[in-house]
């Protein structure tokens, strides 16, 4: 097998592999049947690399070996070819958001108390990064936990002018409310708070 | 963008795709920004195909579109490179598949009638998970059992463009066919159904 | 083994048929001087895909013509295999026994004198012959199908070549506001059940709850899980009810449905 053939075998192996292929594994494989040393394998790889230099698919050396990759020039085309999958929000994400939307201002531990499970750090981070929620202030209780509420961006991205545009929730029976006076207080009508960002804060101020 | 550039974009897309890429999806994508018609896309694909003809990487047309493949000449090297033997399917699995392939649309109990034994839940689950078969609809008999047929992915996995590329089977004797006129009828119903299935079922008709 | 299986196989009028091939050599009988572990024989017998497969094997090994199916001989041999399987305490699928009954029925019909006025009558073997031929066709088709080139076995696709995603202005997906409201409702209802107070322990036993569920549930309609909870039983009641439901599912008394994770759970009597 001449060098050109060996190069083609190496190309085939790297192309068919889902993960990078190391010099050693190529060398081990080829040296089973041919007298080939490790440096030759490296030379062959270098030659394949330079041949692919200006093609859409380039040979790339990464930590664990060699892999073919779409060249930078064409990556943008490929990125655009694949439409982003619509993100699916988890149940935990939706529950957390629902509580913040309807029960703001609310602390993390209040969310946890109602949901019965810890709120994952990722969900809060995600909501903050989306800029759907923000920190409204601190609750004046021991530890001064942060109070969360929704942002104008949340309203904008859901085509709402104000929180009063949200679907109403069914009446929760009163026994629950009275029993949970603290919550009722927090509950204090966000529905009054209209639209603008700052109103959220106003509401918050009103509560306290 | 000239034709050479367009070819490179197409190559990048096909290389990066996890499954075969259809002419239509390439055409839809390119025509968003460029004035290009479907026939030109086909010409470009033909040109890519011929350029790769004697390289280790060839462009292949299968049922759901175009995909790059290791050429036959180098496949054996690849097989030998990987120490793991590819998955072998059981006889029960292959017999069930054969019945679905050649007698689609077919219900589970029809498969069982021919094989003389119950079809294990795992085999059907496995075939559905491989996406080699899918549910085509329900048979209009009491209980409305599900009707199964093969998918484009099944054809793709066997380098086929249509079911007519499969090995032919001996005729089950003619008395059988007349007796089974009901099935033929169902066949027709489904092929009217949804676009994508059409090809499969048409091909299926061709076999018989 | 107390009974020597070869007694069954080698009755004098039978043509020897190999039980199996071991390294290419036919194994026609179980050598008496060699201990063949029952497990090995089990594997041989288990390799049949069903009664039709076993029948085809018996027919083909002896070069019989399917169309002239010698029912008497085949039935006898078939019964010997069944006997062997039973001796080995193989779990015989019902299909094997059904086929034995079918064969016996055909055999007895064949023994009846043919009346000249009933000439039109079907050959009692006809249906079985049809089934055997049909099965053979698909058995062969499955072998052919297995041999055509298959992805990742005979040829290799190059797919998912990596690329570096260029950054796009990402527009986050909206949430469904109606769903958001529904979810809040669910939380509140759930919370009500969970937050009930002052439950005396030991009042609720899982057994008792199982009885209650069996009593209140119907086998006709599905009942939604939360509807069997009693608010006054609170969290403890929820846990006991859940345990009771799981227990009932385990023993196969009730059937449980859930369309997707976190959606409502429905149960009914089996």
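For reference, chains read A, B and C in written order, and residue numbers begin at 1 within each chain.
Methods note: contacts are C-beta pairs under 8 Å (C-beta built on N, C-alpha and C of every residue); 3 or more make two chains touch, one makes a residue touch a chain.
Being a predicted model, the structure only gives us computed values, none of them experimental.
Undergrad: What shortest step count links chain B and chain C in the network of chain contacts?
TA: Step count on the best path from chain B to chain C: 1.
Undergrad: Can you tell me which chain lies farthest from chain A, using the average of the Cα atoms as each chain's centre?
TA: Chain centre farthest from chain A's centre: C.
Undergrad: Roughly how far is chain B from chain C, centre to centre by C-alpha average, rounded to an integer in Å?
TA: From the centre of chain B to the centre of chain C is 27 Å.
Undergrad: Between chain A and chain B, what is the gap in Å from one C-alpha centre to the other?
TA: For chain A versus chain B, the centre distance works out to 34 Å.
Undergrad: Using CA atom averages as chain centres, what separation in Å is found between chain A and chain C?
TA: So the centroids are 41 Å from each other.
Undergrad: Going by the touch rule set out above, which residues of chain C reach two or more other chains?
TA: 156, 158, 160-163
Undergrad: Among the residues of chain B, which are close enough to touch at least two other chains?
TA: If we look for residues of chain B contacting two or more partner chains, we find 12, 15-16, 57, 68, 70, 75, 78.
Undergrad: Within the complex, which stretch of chain A touches chain C?
TA: 12, 15-16, 18, 57, 67-70, 72, 74-76, 78-80, 84, 86-89, 91, 94-95, 97-99, 101-102, 114-116, 130, 132, 157-158, 160, 166-170, 172-173, 176, 180
Undergrad: For the complex, which residues does chain C have touching chain B?
TA: 49-53, 93, 95, 99, 130-131, 133-135, 137-146, 148-163
Undergrad: Help me check something: in the complex, which residues belonging to chain A touch chain B?
TA: So the residues of chain A in touch with chain B come to 8-9, 11-13, 15-16, 29, 55-57, 68, 70-71, 74-75, 77-78, 80-81.
Undergrad: Would you mind writing out the residues of chain C in touch with chain A in their complex?
TA: 156, 158, 160-166, 168, 170, 172-175, 177-181, 183-185, 187-188, 190-192, 194-195, 261-262
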